[in-house]
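Labels run A, B, C and D following the written order; every chain starts at residue 1.
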């Protein structure tokens, strides 16, 4: 009944994935050493959205209105949510320095617990632990449109001066961005869901496209190790592009088997 | 005169978005109340799905998995009704199940509409097994032991006692799989049902999702693809029936025309006033 | 659906539509009702599908393994008090470790290798080669746009510019075909109001 | 106090990456046990979140804060649905099943349907031919909109095939590159957390 019990210790069909993973880890190690070796640090092209982040928080502080940070409506299985958490700790640090009011309504309860921790830590590091307002990071509902109903209500009633959307957003992206646009807030978005990018591009002032969301936390931190991961990604991108071109050339002259190496079970 | 004209274009540029909302609301309601029944041409993908059901020998059973919840029923509920009616009309017996907790309520309504329209009866023309949690684990289980997964049907009858379920135990007992889904559940049926157990399969999906499944059609992993409300309308046309989808097509066309006209109007106003708004945003 | 349920659903539908005019007490009521009801529904579903079968029933039958996740869960509840909030870090670290560990190979397979395997399919014969060439050009130029380690200057700048054009066409395409999906949702709500509630439309 | 959890994240992450490459049934069983544990831990996080949600609204009601009457609605709904759901269950035929069809479902599908209005206002405001990029966005969106509706075919026979071409060539090329970029970004983010390069999630940036 059903296939026999599997007792193999390695899946040969996934060898190519293992090679890919080890290659990437090697790129990471090399670039970390490169980053520490070069004194002025690795070059990374500027991202307009992240420069605007500081201006937006500054403007909110001047106007005495809150900053709204939305970590996405993905759960922890979406890596975009992990990126949203790392970015939230940078944003919280800038907010703590300037002393303005931060609101972080969360879709996922685990994300709420994590960001509550990173925000308290940020205020402690800015040695303003006393001005942290418990409840500024709060769980709303792990139901997509109940979360949207509550957040749009907050947008219209508390009128935040800056709306920051970071993480995995789905169909509700347009609802949130259009409502925010209605209130006149400056809006900065970063999202890894390709189908939602057009809506953020149309309704926000700045949009970090796809992997720019993942580069953001390294940008804001500017630590050598973090910048090294971006360089490693670039090396992998160049390798991927070269592999595709090479495979196509080979198959054009009658050797399509190189392309088969990329097949996975 | 130029100032007057310029004033008009300025007002267009600065129009209150609630006028646009009103236009969209009217553009949706009017065609439902006064239908025009614009012709709907059936596309090859939907015809392929229709023909796949036509090709199933009369009297055999088909597995139907209806995986959607109320918030995306708009596109998939009319599709379920049309496909169910087609199965009943061809005297096929759909064995129906769902992997969504809130699915049963919708399926009961679809069954009520389809069975009254085609005169089908429970336990004679269809079996409704109800909801089972576990997503991929359930689809894997369908490959081995359906009655183990569903000891009772939705109405509480034990599946061993249902005559229609007698020779049914796994995917291999079905000449055709039908999955109408708004999520990655479609991938599980394609990977397990269609590929591993080599069952012919047709897929119904929301319009946004459908484009991601074109490759599976060209690789023949699925025989047909019904995409969104337009796909459901095309299926209704092939069935010669007028359901919610075909009634919705007039409203779709009108609202799309309204949006296109608004966009053209906005650009005309832009050129008339020569106004340049700051760029849209995006990377450096 | 019985008449009372249809009336409640219809009135709540109108409460939400009122948001289009402006924020008002009706919308605010629907919003707060939805937050409460959906949070409650999730708690009940997780209890029925996870807590009862995988913890309570199993421990009831003498299987003590679920005591480990039960302990980790109680640590998370520790966040409610200042003194014990540090303990939750252990459970959260375990939780973050799980999903990071799952993400690495699955993104590698589904996002990267699956796309690369598609990208290396040989060129279509004849006129199809023009399309295949355009796909390759678009693929390489968009990758160039996302290249961080060098500024968008010289050849890299031109490639990035072409990449932006491909991105904008892709965004326009997915915006365009999403309109139909969203309008379908509104059509379904209108059909509910006009047929099931007001009985203006003929029943199906 | 912080080093311990980092080790937990590293070990859990490394074990799950390894299991992906080990088809041995004991490894696969370990993964399904770990995933079941994650679901249990999630449930407790949900309880924690719901308690903080309750506390927030209850405080507002006690202090008669602005809009406290609405918080009463949330409290009643939260308590009621949780109690009935836990005692009686949530399937069709139960009290919560009926509440779901009468309250949750219509609210969710109506909120979702508002997107039809917003997509129109966003298109009107954003699709302005101010530069090459914006024009490409605008023209492609209009072609897609017209080509996807039944009336489109009668305006010009070539619209539907043109929409197919737009999806099969430029849209596919761009999405493929973006997907690979996202994949690499996701892997490096997850690896940074597993290897402890990025510890900010534990509250230390």
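FYI, contacts are C-beta pairs under 8 Å (C-beta built on N, C-alpha and C of every residue); 3 or more make two chains touch, one makes a residue touch a chain.
Everything numeric in this text was worked out from a predicted model, so none of it was measured.
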{"item": "Chain pair showing more contacts of the two, B-C and A-D", "value": "A-D"}
{"item": "Longest centre-to-centre distance from subunit B, chain (CA-based)", "value": "A"}
{"item": "Centroid distance [mean C-alpha coordinates] between subunit D and subunit B, Å", "value": "21"}
{"item": "Distance from subunit D to subunit A - Cα centre to Cα centre, in angstrom", "value": "14"}
{"item": "Subunit C and subunit D, separation of their C-alpha mean positions in angstrom", "value": "3"}
{"item": "Where subunit B touches two or more other chains at once, by residue number", "value": "17, 21, 24-25, 28, 71-74, 101, 207-208, 211, 230, 252, 255-256, 259, 280, 282-284"}
{"item": "Multi-partner residues of subunit D (at least 2 other chains)", "value": "17, 20-21, 41-42, 45-46, 48-50, 52-53, 67, 90, 100-101, 104-109, 111-117, 119, 121, 123, 125-127, 133-134, 137-138, 141-142, 145, 148-149, 167-168, 175, 178-182, 184, 186-187, 190-191, 193, 201-203"}
{"item": "Shared interface positions of subunit A, touching two or more other chains", "value": "14, 17, 21, 45, 79, 82, 110, 113-114, 117, 140-143, 145-146, 149, 157, 194-195, 197-199, 201-202, 209-212, 215, 230, 233, 237, 240"}
{"item": "Arrangement of touching chains [line / ring / star / complete / other]", "value": "complete"}
{"item": "Contact set on subunit D toward subunit B in their complex", "value": "90-92, 97, 100-101, 104-106, 108-109, 112-113, 116-117, 119-121, 123-131, 133-134, 137-138, 141-142, 145-146, 148-154, 160, 167-168"}
{"item": "Partner subunit A, residues of subunit D touching it in the complex", "value": "17, 20-25, 28, 41-42, 45-46, 48-50, 52-53, 56, 67, 104, 107-108, 111-112, 114-115, 118-119, 121-123, 125-127, 137, 175, 178-182, 184-193, 197-198, 200-205"}
{"item": "Subunit B residues touching subunit C - in the complex, by the definition given at the top", "value": "18, 21, 24-25, 28-29, 32-33, 71-75, 77, 81, 101, 113, 133, 206-208, 211, 215, 228-230, 243-244, 247-248, 251-252, 255-256, 259, 282-284"}
{"item": "Residues of subunit B that touch subunit D when the two form their complex", "value": "15, 17, 20-21, 23-25, 28, 38-41, 43, 69-74, 101-102, 104-105, 108, 131, 207, 211, 214, 230, 233, 249, 252-253, 255-260, 262-263, 265-267, 270, 276-277, 279-280, 282"}
{"item": "Complex contact set, residues of subunit C against subunit B", "value": "20-21, 45, 49, 118, 145, 152, 164, 177-181, 183-191, 194, 200-201, 204"}
